[in-house]
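Each in structure tokens, the structures are laid out below.
One chain, chain A, links the two complexes that follow: it is found with chain B in the first and with chain C in the second.
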Partner chain A sequence: MLEAIMGLAMSLGDPTFLVTFQGAVNWSVGFLTTVAIFAIVVLGLNVQWGYTGILNFGVVAFFMVGAYTSALLTLGPATGFNAYILGLDLPVLVGWLGAALAGALLALLVGLPTLRLRLDFLAIATIGIAEILRTFARSGNGLVNRNEGLNGIPGFLAGTVDRGDYKWLLLAIALASLLLVYLLVRAATESPWGRVLRAIRDNEATAQAAGKRTTVYRLQAFVLGGAIMGFAGALYAHRIGAISPPGFTDLFGTFLPYTMLIVGGAGNHRGVILGSLVVGFFWFGTPLVQESLPDAIGTNVFVWRQFFVGLLVVMFILWLPKGLIAEEARVSRFLPRVAGGPSLRARITGRFRAE
Partner chain B sequence: MDFVQLIIIGIVVGSVVGLGAMGLTLTFGILKFANFAHGDMMTLGMFTAFAVLGVVRGPTLEPFSIPAGLILAVLVAGSAVALLAASLDRLIYRRLRRRGSALITMAIASLGIAIMTRAVVQLIWGPLPKRYSGGINPSWSIGELRVKPDQLLIVGLTLVLAVVLYLLLYRTKLGKAMRATADNAQLADVAGIDTERIRQATWAIAGFLIAAAGVMFALQAQLRYDAGFEFLLPMFAAVILGGIGNPWGALAGGLIVGISQETSTYWIPSGFKAGIPFVLLIAMLIARPRGLFGSTF
Partner chain C sequence: MADAILVVDRLEKRFGGNRAVDGASFEVARGSITGLIGPNGAGKTTCFNCIAGAIRPDGGRVTLNGQDVTGWPPHRVYAQGLSRTFQIPQELSGMTVLENVMLTARDHPGENLWEPILRPWRVASREAEVREHAMAMLRQVNLEPLAHERAGTLSGGQRKLLELARALMADPELVLLDEPSAGVNPTLASRLVEDIRTINRERGVTFLVIGHDMDVVARLCDRLVVMTSGRVMVEGTPDEVLNNAEVQEAYLGSQYR
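Let's turn to the complex of A and B:
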């Protein structure tokens, strides 16, 4: 144990740790695990915003609810100075299921009153949820252990492999989950149901005229997205083992996924996974090179990366609104592609949806 | 605490919410999208005033706790944020408008601007909270009730700015053109109103009001880089309560939000009062999404 702590302290204090092969491998494994979890969140967001045009500014709330639900279901009963509800000691897989259900339930609660109204009302309603949940988690006595948070959350299959190799298993779990969620959302969005979502996004009146109950479809898409985000939150909680309210910031849990989505290309599942990797590399990679940056930037690297991520969003919206990989202008994979696809000009101006 | 005392605090908090919400509802009514950068413009306003105080301070204005330089600071901060808001429209939102982008895309762009603004505030002023003045502001007692002079100043300034806004909207040609643009921008265009200029003016007015709200907020609390963002939900709740585009509704909505939030601590632990604006917002969306007073002004 002491050896592990010494090793960690050395790797953090030593700027050359990336130079050693083992250091680079360790960082990459952790980084890819994180990116895979983020990519799951972004896929959930893609169902909501990319396909259906639902603007959810409370992504971190769904992530947080999933993380807490799974932790509370799988932890043992509260002991000592800890005070939290549940603590049912259930298997981790049950916790994940519970997390997805909790995310879906939150989406239902927020979506029911707002989704039948103007599109921006949901965005307004969701902007404050995360802050409220954090406040409740902080101030609720005996609810979720306040600011101390929940610790010792069991890892999935933690006892099955050697401690040093567990990071590989974590990566495998995250990648397998990502693949599963990818196949799920692809199947859903390529189905007739998914086509209705895109129709609602592009022209709601036409979808209504075709006899679709657009509010119901929007609610379904919102709930599916919420469940996926809740599941990602559970993966995150079991991976890091300890969660507390200050860890779930809007910047990290809502804005970063949006940037990944917009950079990657809303409405394209492979695009948003690419976006997660690219933006994730920028976000998690910049602190590593802190020492080699000019002092003016290096000392404030965490604030500068925040600034650049905001700038990235604005620049992509202005000059590359379809993202790195644009959505396919194709009704169904059983039909031929639109000849030639959208022109470069249309891709840059983002006008082709209406054409 | 005494219930009437809580109402007094609620009126003070509500004035700040209402002041910010008046600008937010104007941009919502005329630009037609929810501006999520409004909260961080508030932060920028309060910190700009702080910077001005660092240069010009002057004596403390009894019985308030504020230095005389704060009057200048409000004007400078208000003008700076007004200029920035109008420039951002020119740089970003106007391009999106001309391209025919969806309004919801502009809302995302505004969130990007919000994040950038917050980063800039942290880069310039650092992460630690600040205060305008170290001095305490002794309360006046009226029977059992206690009121600080600073609190009266906050409510007073809100009323003054509301009256100025009223005169601007109803007694000037610009105001008339703004109301016409909010009502029907295409018709206003055809009638010869330069609607682009009207939009710029709207941003500037909203920018001035939100900067003033930021300074008022910081008078009774600390200056924090995330204060404005957390203030977004109460302000939006006020906008929805009052009806989108209706500044008087927004002011009334702000007071309702402030008073309900503060008096709620009479029954529930104060840690939960942050949830009150959200409950009001959701209740309003269920019961009367057009707002209490309708959208026209």
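Let's turn to the complex of A and C:
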């Protein structure tokens, strides 16, 4: 994998920061850490949209609330020109727990009034909530340090290893967190509970006729997803060390996770993790090929990548709407697995094997 | 009526200026199979939707098992012992036939978010019971061989059978069937009549059935309620109703005259 990336980079025109093996390793470790954090966000979104059909256009709001909450809980009191609330100097793990709770609380606040309405109202409310939070963080005096943001957020177990090796520990933490969230989400959704969620998504009248309180289930799924996104935000904050409002854009925090979900396969947890890796490579790998592109594109590569990721979504929706790994027919893991649908290749080529 | 499981009293539902149900009153005797018939647009399905809580009536009263359930949400009406099928089958096409049926099970701890995470063994044992029960329901409607197929692959008639299996899975006291035999081939429709009669006799389940196929309705039902323009026109045994001149004029047409 590493050699492949490096080889690719070399042959594509020798970008200066990837000429050494060490450079390739550094890039890959950072890249995989980022992808793991995104994959956690996408798993949260998969509970909300993939399973339950809740259209949340404010993913970045939950991510941001998690990042700020954990930072405020673990940073020391504000000093000098800085002005922010809390600063409780608590252990990082407490901060992460607080971040998940904050994400859940935000979901509860947004979901309670809107989830009983038609789903488009929730979508509109969630667009608003992300904008409100950013504005709040930017302009609230003495609240979260406005546009300066929060700096010096402590890394988890930062003092335990050499500075140079800390990136490996970060990667391990991110991957372990991803595994934990994956197992949790799997346990929760590949179950009778998940069956109700999917019934609500596919046909609410049927779920109601089957005696399910659909609003309650929607709220549960929304809150679980929100908690997971909040947790991911905390991982991000402690990894990057400094956060500020302009960093939490809709493009980065909402659009990109949706892209990963659609490409990977909504409703399939392994699929969306794969989708995070693939779309992440498209997105974060752009600098690798920048110098080998024609000038017209190369100089504006960060604009063009938005276009290409958008194109990717359109292509998947048209030709591979179920994503790289399609949702299984079976929901509950307590039942035997059912022979899957057509293979990936058959779904791309449109040639289905006669049974 | 001595023991009515369902009493519908002067039920009203308007859609804009259209009085879909306009003061309909009828009763369903416990243990009976009652047919609800009438021409298209008579308000039969709207009646069903008001009884089951899918829509809220504008007036009148629905009493189920002695309990006033008027305007209750569907899950509470379900808890009171009612289950229903839809005129146009509402199967969950991406899910297996088996899980479509299992969805309707009562008292499943696994449908509580924390149980599958914290006590999976408890969920597993109840899930096994529910699965057995669902398989038995599918056997009853001849869909057992298709249990592990996606529901979207079923034919129109098979979807009607799946609706029936799902309604029965809830161990209901009263089942509302909306045109159970529409689109089902005649051989299977006959079997369906037998099956419903058997379930009615052996388990004491009461049925209220909307029907278009007069042969099926006459063979299936103990009693018929005829609706036109949102009101009940005639009630009685199938013989009485089918020989009523007014009914023949309004609904059945010349073939029965």
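By definition in this document, the second predicted complex is superposed on the first by the 317 of 355 C-alpha atoms of A that agree within 3 Å, B and C clash if a C-alpha of one lies under 4 Å from a C-alpha of the other, contacts with A are read in each partner's own complex, and residues count from 1 in each chain.
The rule is short, and it goes like this: a residue touches a chain if its C-beta (ideal position, glycine included) is under 8 Å from a C-beta of that chain, and two chains touch if they have at least 3 such contacts.
For clarity, every value in this text was computed on a predicted model and none was experimentally measured.
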**Request:** Could you tell me if A:317 is touching chain B, chain C, both of them or neither one (first, second, both, neither)?
**Result:** first
**Request:** Determine, under the contact definition given at the top, whether A:120 touches first (chain B), second (chain C), both, or neither.
**Result:** first
**Request:** Using the touch definition from the top, say if A:136 reaches chain B (first), chain C (second), both or neither.
**Result:** first
**Message:** Output check: A:163 vs chain B and chain C. Expected answer is one of first, second, both, neither. What do you get?
**Reply:** neither
**Prompt:** Which partner does A:334 reach: the first (chain B), the second (chain C), both, or neither?
**Reply:** second
**Complete:** Overlap of chain B and chain C contacts on chain A, residues none
**Asked** Which of the residues in chain A end up touching chain B in this complex?
**Response** 53, 55, 57, 113-114, 117-121, 123-125, 127-129, 131-132, 135-136, 138-140, 250-251, 255, 258, 262, 300, 303-304, 306-307, 309-314, 317-318, 321, 349-351, 354
**Message:** Under the stated contact criterion, what part of chain B meets chain A in this complex?
**Reply:** 33-34, 36, 92, 95-96, 99-105, 107-109, 111-116, 118-120, 122-123, 229-230, 232-233, 236, 240, 269, 271-272, 274-275, 277-278, 281-282, 285-286, 289
**Of all residues in chain C, those that touch chain A in their complex** = 52-54, 73-75, 78-79, 83-84, 86, 90-96, 98-99, 102-104, 106, 108, 110-113, 115-117, 120, 123-124, 127-128, 130-131, 148, 150, 166, 170
**chain A - residues contacting chain C, complex** = 184, 187-188, 190-196, 198-199, 202-203, 205-213, 220, 224, 327, 329-332, 334-336, 338-339, 341
